[in-house]
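Take this structure, written in structure tokens, and hold onto it; I'll ask about it next.
Chain nomenclature is as follows: A, B, C and D, assigned in order of appearance, with residue numbering initiated at 1 for each chain independently.
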Amino acid sequence: MTDIITLTGLVATTPRHIVTSEGLPITSFRLASNQRRFDRTTGAWVDGDTNWYTITSFRQLASNVASSIEKGQRVIVTGAVRVRDWESGERNGTTIEIDAESIGHDLAWGRATFTRQVIAEKPATPTESESAQPTSGPEPF
Amino acid sequence: MTDIITLTGLVATTPRHIVTSEGLPITSFRLASNQRRFDRTTGAWVDGDTNWYTITSFRQLASNVASSIEKGQRVIVTGAVRVRDWESGERNGTTIEIDAESIGHDLAWGRATFTRQVIAEKPATPTESESAQPTSGPEPF
Amino acid sequence: MTDIITLTGLVATTPRHIVTSEGLPITSFRLASNQRRFDRTTGAWVDGDTNWYTITSFRQLASNVASSIEKGQRVIVTGAVRVRDWESGERNGTTIEIDAESIGHDLAWGRATFTRQVIAEKPATPTESESAQPTSGPEPF
Amino acid sequence: MTDIITLTGLVATTPRHIVTSEGLPITSFRLASNQRRFDRTTGAWVDGDTNWYTITSFRQLASNVASSIEKGQRVIVTGAVRVRDWESGERNGTTIEIDAESIGHDLAWGRATFTRQVIAEKPATPTESESAQPTSGPEPF
């Protein structure tokens, strides 16, 4: 199956936006997700290590991320994990990339105003449809 | 363990914000998450049924949601599932509530501007710390 | 998108196995997932409420579940959430069903022996392929 | 928060079991998770790349994995992601480890018989309690 993960964390680099020669917008940034660890001795949660990810977005999401997300902000990301080995000359290594399906500012850390963007092209990957927009529903509480 | 889920969908009701007599801010709204279904006959993804959830937030997240989220917007939510049976007079039923840990506008559908809010009280639930704020890191690409 | 969740818990009913008139095997059982709650006063984790789910499986998974899973066992389940309203005469309500993609005995609670079953029919839903079976790979540690 | 992921895939190495000098059982193996990719041109799902992970388990889970899991079997795993940089002499790199909370044989691929193991020590990490064992519940269907 597709390895899906949801992350919250800090945007650690200024998002880098490019458009390929085929016209595909791509935006990437590094995300630092600080892990909490349960200390058995003290019975409390303490700061643990930080996981680093490269978050990559495409198409409309990429364009909106480029114009919305800044370094230092808190975000929530969900998407597919891609573990890749790379080689560059004599160096090689492994990177963990998240092919983002959705990204948003984390409202646990601040406020946001939102402006809908018309989606010109049809979403290429399976995603929810525009067609089902309920205008009412059961009220909470 | 805690049943965690991540959802994307449409905010179907105006968020309802209250502050309890103990001073606890709570904000709730209904979320419609339209499911995509893989049609074996046609080999294509088609619109499926819609899952309905009540999304509940507390404390700082509740305050920020109340001032940021509007009915009709697209959001991403992650949090703990609470399946509850209820009774009211002769009626009874089951509800599915999400105790949200993070909520954000879904940038796959629009743009957002973000303003950090100072968090007065310490987060009560285990969450990531403010202490690890890397100011640099490996660049993407 | 599809609302995916992973659960661990106790099989609370004897799995019920049927084969439809079209020859589709279906197996269902109730799962009790006991939630842990973080008590702010004591700073410790305590038992919380229990979430109840109906776990439904189809095809080869359904057959294997029927011959492998018993009431009282601990399992891990991953699959798609289906929130459904139902009516039966004057009664109505909401159920939460998990359309399972994978189910296994939870080895945190016991040991298991596994026998591979030849899959006669091609998996109908998008799933990982049989074709990529690495016979080697980097060793752990 | 803690970065949690659920994976299904093939056990690609014989699980390696050790007991530390402090008496802590640890079992690790490599997991190959074959990704499915949606081909926009053909509108079909095709085999994609394979993600490789090191799955690590501790305590009772480690003991049960060592006596239950064999190379070549299909499993389901849920746990916390740990992205780590390492250095060994002049070489360095990044690894992705999953600190498993639960592991089970994937019944989508075969049958299993399960034997409960008495857990001698109290689970160290927050996990569900033994105390809530419903002996009845709503029947499925």
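Simple rule for what comes next: a contact is a pair of C-beta atoms (placed from the backbone, for glycine too) under 8 Å apart; a residue touches a chain by one contact, two chains touch by 3 or more.
Note that the coordinates shown come from a computational prediction; the quantities given were computed from them, not determined experimentally.
**Q** Chains shared as neighbours by chain C and chain D?
**A** A, B
**Q** If you average the Cα atoms per chain, which one ends up farthest from chain D?
**A** Chain centre farthest from chain D's centre: B.
**Q** Does A-C or A-D have more contacting C-beta pairs?
**A** A-D
**Q** Could you give the separation in Å between the centres of chain A and chain B, each centre being the mean of its C-alpha atoms?
**A** Averaging C-alpha atoms per chain gives centres 16 Å apart.
**Q** Find the geometric centre of each of chain A and chain D from their Cα atoms only, then give the gap between the two centres in Å, rounded to an integer.
**A** One centre to the other, that is 24 Å.
**Q** What is the distance in Å between the mean C-alpha positions of chain A and chain C?
**A** From the centre of chain A to the centre of chain C is 28 Å.
**Q** Quick one: which residues in chain A touch 2 or more of the other chains?
**A** Those would be 1, 4, 8, 33, 35-36, 52, 101, 126-128.
**Q** Can you list the residues on chain A that touch chain B in the complex?
**A** Where chain A meets chain B, its residues are 6, 8-10, 12-13, 16, 18, 28-30, 32-36, 45, 47, 50, 52, 54-57, 60-61, 64-65, 67-70, 72-76, 78, 101-117, 119, 123, 126-129, 131-141.
**Q** Show me the residue ranges of chain C that touch chain A in the complex, using the header's touch definition.
**A** Spelled out, the residues of chain C in touch with chain A are 1, 4, 43-44, 101, 126-128.
**Q** Spell out the part of chain B that touches chain C in their complex, as residue ranges.
**A** The touching residues are 1-5, 7-8, 33, 35-36, 38, 40, 49, 51-53, 80-84, 92-96, 124-126.
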